[in-house]
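One structure, as structure tokens, below. Some questions next.
Chain lettering (A, B, C and D) follows the sequence in which the chains are written, and residue indices restart at 1 in each chain.
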Amino acid sequence: MNKLLQILLGTLVLGLGLANAGVAQEPVKIGMVTTLSTGGGYLGQDVRDGFLLAVEEEDGKLGGVPVEVFVEDDGRNPVNGRQIVKRFLDRDRISILTGVIFSNISPVVAPMALKDGIFYISPNSAPSTFAGKECHENYFVVSWQNDTLHEAAGMGATELGYKKALLLAPNYQAGKDALAGFKRFFKGEVIDEIYVKLGQNDYAAEIARIRAAKPEMVFQFLPGGMGINFLKQYSQAGLMKDSAMVVSGFSADIKILNAIGDAGSGIISTSQWNHDLDNAANQQFLLGFRNKFEREPTLYASQGYDTAKLIASALKATGGKVLEDKAGFREALKAAKFASVRGNFRFASNQHPIHDLYIREVVKKNGQMQNRILRKVATDHQDAYVQECGLR
Amino acid sequence: MMVSENFEARLILGVGILLIGFPWFADWLDEPYLVSTASRIWIYALAAMSLNLLVGFAGLVSFGHSAYVGVGAYVVGILAWHQYEETNFWGLPGTLEGFISIPFAMIVSGIVALGIGALCLRTRGIYFIMITLAFAQMLFYFFVSLEKYGGDDGLMMMDGRNKIPGLDLGEDRQMYWLSLVALGLATWFLRRLSMSRFGMVLHALRQNETRLKAIGVPPYPYMLVAFVIAGALAGLSGALLTNHMEFVSPDFLHWTRSGDLLIMVILGGIGTWTGPILGAIVFLLLEEFLPLLFQEIGLYLFSEHWRLVFGPLLIGIVLFAKGGLHALVFKQMKGVDGAFAN
Amino acid sequence: MALLQIEQLHKTFGAVAATDNLSLQIKHGELHALIGPNGAGKTTLISLLSGSLQPDSGLIQFDGRNLLQVPEAIRPRLGLVRSFQITSVFPEFSALGNVTLVLQSQQGHSFRFWKVARNDFELRSKAKEYLKQVGLDQESEIPAYALAHGQQRQLELAMALALEPKLLLLDEPMAGMGPEESLKVVELLQQLKGKITMLLIEHDMDAVFSVADRVSVLVYGHVIATGTPSEIRENTEVCSAYLGEHEIPVAN
Amino acid sequence: MILLIEQLLNGLQFGVFLFLVSAGLTLIFGIMGVINLAHGSLYMVGAYATAIGMQWTGSFWWGLLMALPAAAFTGWLVELVIIRQLYRRDHLDQVLATFGLILFLNELTTICFGRAPLFLSLPETLSISVEILPGLLYPLYRLLIIGTGLLLAFFLYFLISHTRAGMLIRAGTTHREMVEALGVNLTLLNTGLFVLGALLAGFAGALAGPLISVEVGMGENVLILCFVCIVIGGLGSIRGALFGALLIGMVDTLGRAFLASGLRLILPLEFADSIGAALSSMSVYLLMALVLIFRPQGILPVLGRVR
């Protein structure tokens, strides 16, 4: 019985195999395992769209080299992610893996890619292990190290002169890292830390605690829907005016701002990129993105775009050789000779970005909530784990 | 009645032997990754099998079975982590030795099952369903809050899979064979069990608990032992799962995982031998290939929203295919319902 | 010293007293019949004895032992065995399987995980004996759910006997049986008389009065009379209790 | 002190909210003997209907109004097509079938309204906080939820204990056959009951809309909690559901509010925080386990219920 099933399945998959075979000039195959479904789905969609936008600009090429991009949805589930990447490696024989959004996926799939000897280039998730002890010559991060934007929030809060802060995060690793990152650069006093259940969506109890604690500012890292719910209830409770809200870019992307509407005005957030950054690459990106998708890009879209541009620069340098000339391709990536939409960009020795960080304020501009850059809080910032990394 | 069951047993054995050759078949298809998919299927089939011991034999519907899978998985993961970090776990060094960590995983899962079972088995019916769920949820949140071991993000096996003398599990085929053999052994063991005196008591328990008491057999200890055995086997599948994934996370214990296992059992046919295996195969294949399938035949709507088909499929099986796939496959044979009859 | 000694037993459900200051003695070796109008609390009494119900007050002594401290599942081991009014067997097991399981439970715990139970031929042949005794030896391989109702009752009896009871509680063993089937049972009871002490609950008065050594009459949870069948026939109280219910056959 | 009162209010609000969903669940299980995992989906339908209605009309109230027929209709359809087939099946089949139903409904919703969560904001009149005690500001909307919830609870209590329909329902939970024997049209009763449950769930969804993000899968989270509520309270009894819901609401809220800070008195900070957070997320299930261990039938079981 199950043999029969297997054969049926086999033929089906054989069909797939053929479908992907036989293109004229063998293109460079790029696997993108990303999160398109679940509440966090829009992150993956933006990364994908940003990436494919860059590919489209060169109609199907990157750095003049034809590429074939396989996009699949991991549903934010490491098990699915693993299966997909397995398929990428064994069937599609990709030479670059990218697209991972969440930090519960990357630790599963990155080692698979690296063990297989292909390149892993992250457009978003960047857990500390891979920035430090586990850093790898074929592992690159275009976005930021996971702590970066939280650290920036710490700097920002200090620069804005806040003395008493209350911190809020889900009770899981990324949440704790976030608070750690904030505290690393915050000079003021942390009067309380509240940990909530992952996926919690009613914050009455926590808000009551905040009201009682009367902090000058609140720093919270509640990803996706959690953050939106919190912000709405926070402003419903009329706390926005009593204690300022300082968050990292994730909690104040354009999607979220649209969702919470006026409740969002005044939120301070940090980012390595913003639409009002004035550089040619950014202009081109914004123009292209708005035309194609008729919506505002989030920082994730900018990261996807940068990732594609980085790959393009490297492919150009090696004339399309990836696995045939790993050393060459690696050097080309390291050189990062591309115009990032965020301006300055280069790689640290652990192949995570060195870049500038900004704090932004949410303002209402002709009916639309949007982030406006207040000031730069860090120049050539690099993450705290670079010393632990053996690469030079 | 015994005929059909013996036939089924022989069938499983035969197909099982054929399946040893599957990796080569996959090679011939030039689809080596199918091997890893298949190993995953056997591992889940093992878990479903162990759940079937409770649901199918003893009539205990446990809605928290993924807890024991998860515990077993974490034992292997944590031992490997300590090995990698060269730290101690309550004075014990970590290890990558499969011969140590896999049995240890089974033992720990068994012990956990003993504790939880001892309490849950005081209830029956829907209450039992809910209390098993409750304990599973507790364990879920417990592992989420285990910062040291990655909390919500889970643990990777940095040094790769367990080491077993004479085997190189890093090689997918050998992982496949290990999973297949584990499933085979478990099936054999459970079959012996169901025919033993102990098995008889379990079957009797499912059929008529009051009567069992009236002939002087207190059900509780038997249920408890069954619960522990099921837990230990689930632990084994968890241990294999961690090896297969080279990763473990609380997601393994999420209540929907328990649901999946239950569905595999029901889908395949409760209280049958081929049932849990068929269930696991179909469930996982659908889950993985339904999207691709629809993509191939150009139904892009469904390829993204394959659950739109999967859901009604489940409902259909419940409403129209009583006894699950097993009944569909073996319906020409009589006495599926009496498959256990002594 | 009687085998079973019941004193001032009380059991109420809400306002209803199903068992009301009930006292009863069952001597070794006798076949003691318990009759009474519907709702007199006969089955309740059986349940109290078998342990599936707990009395509110009172005392039950079995074989010189306070029964109320013995859990339900242990009582059969002391030799106190019941058969069910509503047929209760293991439907998926064969007739033989049902009895074998009983015998297995007789041999202490069943924590034997490896040996195939049905290959225990000694056990099975012993089981066959009991089936023969109740006249089911032909049907031994048929699964219980496939047996005719009467045959299931017989199986029920075989299972009860297999427990080698000191006291057998028979709750309407002939309920729903055809005449010739019930005749079989009556014969069987005749055989067992003397060997096993029995407490028989039965509506079939002819049967009761033909087999019973002593009869007790239960009305509203209270024993109003106990005596030999003939004494009971004369008892006026009983007649009034039964007025219009059953008429009591005159011996000829 | 103020803080405590506010947290108690929060607990009450959460509990009342859980009750709205649980009520239907417990009745459906009680009288029809059906475990309906898809009950959460009805709650989701309510929430979506409100969101969509608001997008069309721009008024929260119209959205709220739309939630009811939407939920009722879905409930009716579901009962007609699927649940009706499940009355006589065992719990396992019910779990599997209704699980399939969840997958289907979730996916359908995804197709219709996309995966990105929808958000609806309150009318200005409601999005304010009122000072109910000197120094105690409390969001008006949450007060509203408490009010309506308790009102509905009372209404249900009246329906169950003082009307003919209620009499039948109560009888149905304990002596199904008897009710059938009375020649009552059980099918009609069941459908009506199911729709009632759907209405309540849908209404709860509508109320939840402005507080939490309206997204696919919002049903399941609530569902599990509600099962906990009704199991703790005792299956099939409205009183039990209310009791269980309030208990859960309080325990969950107070746990989140005070556990961590309490533990800090006895434990070093970082332990206290993570243990506190872990415990408070477990508290609900811990409670259920304890209750079931000591009262395997729940705290207020339906009297005379035969298992």
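To be clear about the criterion, contacts are C-beta pairs under 8 Å (C-beta built on N, C-alpha and C of every residue); 3 or more make two chains touch, one makes a residue touch a chain.
This structure is a prediction, so every number in the text was calculated from the model and none was measured.
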item	value
Reference chain A; chain at largest CA-centroid distance	C
Mean-CA-position distance for chain D and chain C (Å)	49
Rounded Å distance between chain A and chain C, as computed from the means of their C-alpha atoms	75
Averaged-CA centre spacing for the pair chain B and chain A, given as whole angstrom	35
Per-residue multi-chain contacts in chain D, two or more chains	110, 274, 277-278, 281
For chain B, residues contacting two or more additional chains	141, 144-145, 147
Multi-partner residues of chain C (at least 2 other chains)	none
Those chain pairs that satisfy the touch definition	A-B, A-D, B-C, B-D
Complex contact set, residues of chain B against chain D	55, 61, 63, 119, 122-127, 129-131, 133-135, 137-138, 141-142, 144-145, 147, 255-256, 259, 262-263, 266-267, 270, 301, 305, 307-308, 310-315, 317-319
In the complex, chain C residues that touch chain B	50, 52, 71-77, 81-82, 84, 88-94, 96-97, 100-102, 104-106, 110-118, 143, 145, 159, 163
Partner chain B, residues of chain A touching it in the complex	1-3, 5-6, 9-10, 12-17, 19, 73, 77-79, 82-83, 86-87, 89-91, 103-104, 107-108, 111, 127, 134, 170-174, 176, 197-198
In the complex, chain A residues that touch chain D	36-39, 41-42, 171, 193-197, 199, 201-202, 204-206, 208-209, 211-212, 224-225, 228-229, 232-233, 235-238, 255, 259-261, 263
Chain D - residues contacting chain B, complex	29, 35, 82, 85-86, 89, 91-93, 95-97, 99-108, 110-111, 220, 224, 227-228, 231, 235, 274-275, 277-278, 281-282, 285-286, 288-289, 292-293, 296-298, 307
